[in-house]
Amino acid sequence: MSEPLNKPDLEDSINVAETHDRLVRQAAAAAREKSLGENGSQPIALWIFLPLAVVLLVAGLVLGAGSGYFSYGSTFREGYVRAKAPGEENSGPQPKPALAAYSAKGAKIFSAKCSGCHGSDAKGDGANYPALIGSEWVLGPTERFSMIVLNGLHGPTSTGKVFGAAGMPAQGGGMTPEDLAGILTYLRNNLGNSKGDVVTVDMAKAALDISGKRKSAGKQVDADELKAEHTKDLPGDKLDPATLVLPGNLAPAPAK
Amino acid sequence: MSQQTSNSPAQDALLRASIDRSLRHPVMFFFTSGAAWLAVSIVLGVIASAKVVSPNFLACSSWLNYGRVFPAHVNALVYGWGAQAAFGAIIWLMARLSRRACCAPGVILAAGHAWNLAVSLGVLGILSGHGTGMPWMEFPSFVWPALFLAYTAIVIWSLVQMRVRPGVSTYISQWFLAGATIWFPWVLLTAFALLHCLPGHPVMAAGINAWYKSALLLLFFAPVGMGTAYYLVPKVSGTPVQSYSLAKVGFWTLAVIAPWAGMQKLAGAPIPVWLPYVGAAATVLFALPAFAVAGNLLTTAFKAGSDTIAHSPTLRFTIAGLFGLVAFGLACVVLNLPESTLPLTQFTLSGYGFDLLGLYGFFTFVMFGAIYFIVPRVTLREWLSRRLITTHFILSVYGVGAIAFVALFGGLQQGIGQEQFSMPWENAADRAYPYAIATTIAWCFILFSNLFFFLHLTLMWLRLGRRSSHPTLLDGGHGGNPHGPEGDIDNAGPLHSH
Amino acid sequence: MTFRTFLLGLAASFGIAWLSVVVVPFLKMRDLQPIVLKEDVDGKDGIYFPKRSGRVANGATVYAQNGCYLCHTQVVRPTYAGNDLFRADWGGLKDAGDRGDTRRETNAYDFQGEKFAQIGVTRQGPDLSNIGLRVENAYAKNVSPEAWLYAHLYNPRADVTRAKSNCPPYRFLFEEKKVLGNRSREALPFESPAGTEIVPSAEAKALVSYLLSLKKDDAPPASLNFAPVKKK
């Protein structure tokens, strides 16, 4: 080591040459660092302001597109109504000819309530359940037919045969006029029957009314009552089977 | 900030060097294990991208299923690489700026190991099929408390250092870094409590998850990157920050704006209707601090002259990162317009590209700059090979640029296809296909670049770097000779043999 | 700026946003009350509570663990936020027979039984809000809906209409079992080594049950019904 140089402003422990050695060995990287100088106080350059202003503008537009700030009540925009798809027509249920629409509804009722006994082909089994295909009571006046469906039947059928002591249970419970109209129309026009007419919802409403006003309301009908009191068609305007209706509620489709 | 010290420059250098040496174990650990996780994450990313192109690739294994590999890739990138690089930068920068040596490097190192263990268990948990299904939070729930505790043990010392620092003046980097260290646990605890502990509404849970992801990007990685850049650029270039008031404005706009961002990911979902709009607006407004920081530092750097920039690896990477920040800010504005681009890009590759632009295009590049600066100071060795650094730089820039462009532009294309409701779905998928191929290729480039980097860093960690007092400079620094004009000054000294 | 000023400023700037955007909505939404239906307004009485059949919780876990949310979404956005409702079968069915057009937006009651709504990250594949409806009505023509979904999970590209699908194969959700006597009803129609058949594991069954429960086209109450009013 070289002799310590006497420098008044250095601490005794600092030996210049030794320091230089240590610096080079241990702190070379730190020694050559520049210091973080005085911070610049240049004014903010003008060209920076332009993009900042554009950003502020865009953010303002974004905020403007929203609404209902700080109200946590609604998860949808105020006054939102679904827009129509551009170029698309009214996408409601497609209207169908009345016969098809009523039959479609009736088909569901049939498989739920009727086919279990009368068979999925509505031909019965010859001993316990009568055939509905070709049946006089099915294809005849609609009031008679509706009374059977709503209230059930006791005793002989149109062919005179008795199918089971208990007869047919009532099926009218919980049946809406649309359901009734559907099942009546379905059975008269499908699976081999082809009467060609539609039992409308209004007619079905009348049927429910008549059924409720029966003298023996709540009990099954029998052949005598049917012959005596229910020999007509249900009251109501006839509907051309080709008329377009909406499948859901069987209402006439709005004119285009 | 002028050096407020009564030390002579020599003593000051020795003080700084002793601060560096006190932190050598934790810092090198974070950087090296971070780089290892980066390589792992990119391998997983290559596999995931390849599976988008060719779904039957490696279909044999349940662990490599796309739905597991992709979250593993993202989580390894965020918690394995991103967080650890951030920790290394935070503890070193805070110590230097507070001019105090680290008092508990052993604790930090142990906590770092704990963090690594937790992340490893988490990634293995995802790959084995125990992920939680929450984007960026797929680690099984037992991992989160471990991460939180390890995190506290790592950064509490830095906050203490800042609190007890001598002198009153503070440099802008300290505000950014202190902010990041406080925001991160607040955000993490919120997400953990509201998503894993307390029962809540399922859609709002998805919203909070989206907020968490945005908060990690904008309130942890972004400020750490910004704070580091504010240190590195003036330090290496020797020019002071162009406008210090703009720097402070940049910090406070970040603090006020960024916490509102994130919910725009859930636009159209049944959450309170204004939340996505506020999120979109806040993300757009993030461009304000982004442009402010980038503009401030780029003007500072260019004042130093293109020579300095070309020669310094640190400056090169940091400036590339700042350009990445500009691109990220631009993406923030362009991708989040609710009436036009947001419905298009909401469910496309754009989200991935956006995340990568912030995480890799900005944050990772600045971290590379920091690593190239810090490691020689901490290990007393200089980088071994100019070529390795240059290769790392070029391949990374190309790769990330390609990914950003592909994912942003490709995402728009994909989104346009998705919104064409009268076309069959295959249309939208077809539009994205070429971008999936390009992404895979870009990740391969990045993988190579990072293998070089990891190799280089490991050699430094093993103390096999150059013993020299002259830094390794690129592009003909020191007149083409890395040993400097006087020849190499062996910093181990003529009598030393370690 | 002192450290204390800094902390106060940070707490204020972060805290206000945190409360407004995270905490308050979280608390309000977890107290979401079911909507009471009234006859004259909504068409029936009762409570609006879309029921979901199937193993929702188990299936949702398998969905999350295997990353389905990365490529599939489960949100039908209102028309001001996207074109999802204009597709014929995403929000419901454009022509669901009797009920007509059942398409609707996702509402806050749609994720009952799940802890985390898998809104989704990207749409590589189509939205799954009504996948149950689509499989039953459109995809599974000659097979049961479960069988169609098992086949799709095992090899998404086996179906010729899906030749370009990017969906990864989830073979690990299935097991090879020895054929004992007759082939089991759940066996998949794919090749396997002689004497074995491919059957779904419990996880596959849970996932498929969850997917088939995804039918979000029930009639919403009047307050959530945004259909344009029809002019009669």
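Points to keep in mind about this one:
Labels A, B and C are assigned to the chains in the order they are written; within every chain, residues are numbered from 1.
The working rule: a contact is a pair of C-beta atoms (placed from the backbone, for glycine too) under 8 Å apart; a residue touches a chain by one contact, two chains touch by 3 or more.
If you're wondering where the values come from, they're calculated on a predicted model, not measured in any experiment.
Between A-C and B-C, more contacting C-beta pairs join the chains of B-C.
At the centre of the protein atoms shown, by the Cα-centroid criterion, sits C. Put simply, the C-alpha centre of chain A and that of chain B have 47 angstrom between them. For the pair chain A and chain C, the distance between C-alpha centroids works out to 15 Å. Taking each chain's centre as the average of its CA atoms, chain B and chain C sit 34 Å apart.
Multi-chain contact residues, meaning those touching two or more other chains, occur in chain A at positions 70, 72, 75-77, 85.
Within chain C, the positions touching two or more other chains are listed as 20, 25, 28-29, 78, 83, 86, 105, 107-108.
Residue positions 270-272, 278, 338, 421-422 of chain B are each in touch with at least two other chains. Chain C contributes residues 20, 24-25, 28-29, 78-80, 83, 85-86, 94-95, 97-101, 103, 105, 107-108, 224, 226-230, 232 to its touches with chain A in the complex. Against chain C, in their complex, chain A makes its touches with residues 70, 72, 75-77, 80-86, 88, 91-94, 104-105, 246-248, 254. The touching residues of chain A, when paired with chain B in their complex, are 10, 14, 19-45, 48, 51-52, 55-56, 58-63, 65-78, 85, 87. If you check the complex, the residues on chain B that touch chain A are 1-3, 8-11, 13-14, 16-17, 20-21, 171, 231, 234-247, 270-274, 276-278, 280-282, 284-285, 287-288, 291-292, 295, 299-300, 329, 333, 336-339, 376-377, 380, 382, 421-422, 468-469, 471, 489, 491-493, 496. Partner chain C is touched in their complex by these residues of chain B: 51-52, 55-56, 59, 61-62, 65-68, 70-71, 129-135, 162-163, 168, 170, 175, 178-179, 182-183, 186, 190, 194-195, 199-209, 211, 219, 252, 255-256, 259-260, 262-263, 265-272, 275, 278-279, 338, 343, 346-349, 351-352, 418-422, 425-426, 428-430, 432.
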